[in-house]
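Chain IDs A, B and C follow the sequence of writing; residue 1 opens each chain.
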Amino acid sequence: MADAIRIENLKKSFRLGFIPKTKEILKGISLSVKEGEIFGYLGPNGAGKTTTIKCLLGLIFPDAGTIEIFGQPHLSARARQVLGFLPENPYFYDYLTATEFLAFYADLFGLGRDVREERIGRLLRLVGLERAADLRLRKFSRGMLQRVGLAQALINDPKLVILDEPLGGMDPLGRKEIRDIIVRFKQEGKTVFFTSHILQDIEMICDHVAIIVGGRIVKQGALQDLVSEKVLFTEVTVMGVSSEAFQGLGENVSVQGGRVLLKVFEEKRVDDVLAVVRERKGKVISLSPRTETLEDIFVETVTGK
Amino acid sequence: MKITAIAGITFKEAKRDRILYLLFFFAAVAIIASRVLAILTVGDRVKIIKDVGLASISIFGVLMAVLIGTSLVYKEIDKKTIFTLLSKPLLRAEFILGKFLGLVLTLFVMTAGMSLIFLAIVYLHTFRIEWTMLVAIAYIFLELVLITAVAILFSSFSTPILSSIFSLSFYLIGHLSWGLELLIKKMRAGAVRALAQFLYLFLPDLENFNFKTEVVHGLPIPAGIYLYSLLYGICYTAFILALAILVFRRRDFI
Amino acid sequence: MIRKASPARGSAAFFLVLFLLAISATFMALKARTDTIARKRVPGASIIYIPSGKFLRYATFGYRALAADLIYLWAIQYYSTPTIDDRFHYLDHIFAIIGDLDPTYTDPYETGALIATAEAGDTGLAFKILDNGAAKNPGQWLFPFEAGHIAMMNLKNYDLAKDYFKKCMDLPGAPEFTGRLYANALYKKGDIETSWETWLAIYKTAPDERTKKIASNHLYQVKSAMDTDRLKEAVRMFKARYGRFPGDLGDLVRTRILNGLPKDLDGQDYVYDPKTGNVKAATTPWKR
């Protein structure tokens, strides 16, 4: 399967200020996104995420490096035909209705009248805006704008969908809906490339992840490879045994109404704890191993490097 | 076609701008007021009505073109609506041309409106429909088209205020071409004069589109000038648009 | 900055630049062509619609003097363009506007009068302009001075000239010979009496020898004119009475037509020609 996106050694500097001072934003980015996967692009603010995306889309012209979309040069018409984009904090022509808005973008792709009508209807249903079809965008809430923006990104039924902070500013229900939509894209065979600050969402749906810090990719790989299965500690909730019995075995987190919550750092000590409980005829309420999350990796990467 | 799609929403957007209607209102007031002014003049009264009317259409048309045109592209960049547009398979040139056509269409509607009021007022005075007025108005419109292109050119890389100043400067320079001609006549031959002559040919001569005086005073217009002025207007507009496209092509949208 | 531009992009820019060059050459050629087509130009003709400079004063938002300058500049170009027919039609009106905008700016009045006299050949216009200037600047000697000269030289209207010079004489800063101009105009007009009195005044108040001499010459001339007129009149009376010219001026006394013979300012007798009956002064005033 071809790479949906292939970026090699992308470099970009900007000359800013009245007395132009060159600031290097991208210092040689290389990454590849396989077709059909969901790719998460993370990094602290100002690292260069949005700049990378703008280079991808031809809004910014790189100083050096190559970008290919499905093997085509990224600026070619063929590449543009198969991609869809939703920018961060989108702002649209607020005097148009949702239908008019989508119809305009459909025109830009040269879609015929029937295809256009059918697709607009379908997309509005997909993003849950079918009731707002004739409402002017000016009256949309933030979440609604995000959704109609998503619909616009899909107007040409793209193979690659690029989203810049698609989950930003949405309530938990909205985030879940968008996550589900993104997963559905994958099921339809689309490739999704998106940036987000909300790491739990990324952890939930992404196949591959890249972390960019200071204009460089510092970590890249399959999510399951990056986030080791290593258990950091195990939380054990026990009833019917006093906390002194677990001296030396684990950290006492809390004692509440007969329940003792322990944080056990070593694996074999867990067995010891269980032995003590059985001995004292107590009951294990819960046992949860806490593995390394993406957040841990992220913080470690950003602050460590 | 993509250009027409862009032109369509540009027209929709431009016609919502209240400045257009404010300027239209003032133009209408000026044209109607000329009727009152005519009573004060001695002699041929219709002349002042025609003069004020054509001048109003011209001046307010230019203001419309500049004020709307300079904010048009800038707004898209500032509000970032341009991101979703340019990431589509749309050439940047198509974007510029679409904006231009949309604005030209808007100005056409406005000019037609002002012209109707003007012709109505003239009719009230002379009880005739003066077709020659339409010739003058047509060439005023051609001048507006050129100014529009200039406004879009500046709007694609500068803030609205600066763009307005530059565009209005273009308009002023365009009407002072004869001054440069007089100056050249008084210069001695040499490198400076050659440069001045080049500038004279290169800088716009908007008087080529000015038939107001001839039409109002009933003077004859030589036949050749219609065609050459039209071609001049078309060529200069094409030049400005090509320049705008060239500037816009490699622009980074940070 | 090294840009990695694909060949397609590079060539598009190249063709654009080529297009720019080609189209600019085209419109420049077109402009050269339209220049050759003569159009009836009445540049700035709409200025005649301004009923008076008063309105313009308010319209120029306080930049009156600047507006005056600009209109003046335009006016000069306008009037020096010979191909504009009938361009002097509104000469006084336009210069009146300039005067309204900036009353103390003296150049336009002078130039306007000059254009009126020299180019339009209409001295009435010139007077209108200069009078306008004088009305707005009553203390300015320049305007009656110029008007007086136009009256003297162009119109040979000495009556008008004397009025202007009289007015000018009393104004501060007027050239000291204005008085002499006045007196001369009086003389040319034929008002010998006042001319004599004026020259006498000038003689008495002359600040230097030269002025005194000039005054003296003029006095001589005036007296000669007075005297020769009297003598000529007497000769005519003689002829009417006796049917012939007198043999010499003494005859006029003997026949009691005159009481005595006047002498010129230097005490010399006047020269009489018995054949023609003409009387003239012995010396030319300036050769004394």
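What we mean here is this: a contact is a pair of C-beta atoms (placed from the backbone, for glycine too) under 8 Å apart; a residue touches a chain by one contact, two chains touch by 3 or more.
Remember, predicted model here, so these are calculated numbers, not experimental data.
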Central chain of the complex, centres being mean CA coordinates: B
Longest centre-to-centre distance from subunit C, chain (CA-based): A
Interchain centroid distance [CA atoms averaged], subunit B/subunit C, Å: 47
Subunit A and subunit C: spacing of chain centres that average the CA atoms, whole Å: 91
Contacts with 2+ other chains: residues of subunit A: 61
Subunit B residues counted as touching two or more neighbouring chains: 250
Residues of subunit C touching at least two other chains: none
In the complex, subunit A residues that touch subunit B: 14, 54, 57-61, 77, 80-81, 83, 85-87, 89-93, 95-96, 104-105, 107-110, 149, 152, 156
Residue ranges of subunit B touching subunit A (in the complex, touch as defined): 2, 5, 8-9, 12-13, 16, 79-81, 83-90, 250, 252-254
Interface residues, subunit B side, partner subunit C - complex: 40-41, 47-48, 51, 55, 178, 182, 201-202, 205, 208, 213-214, 217, 219-222, 224-225, 228-229, 231-232, 235-236, 238-239, 242-243, 245-246, 249-250
Touch list for subunit C against partner subunit B, complex: 12-13, 16-17, 19-20, 23-24, 26-28, 30-34, 37-43, 45-46, 49, 51, 77
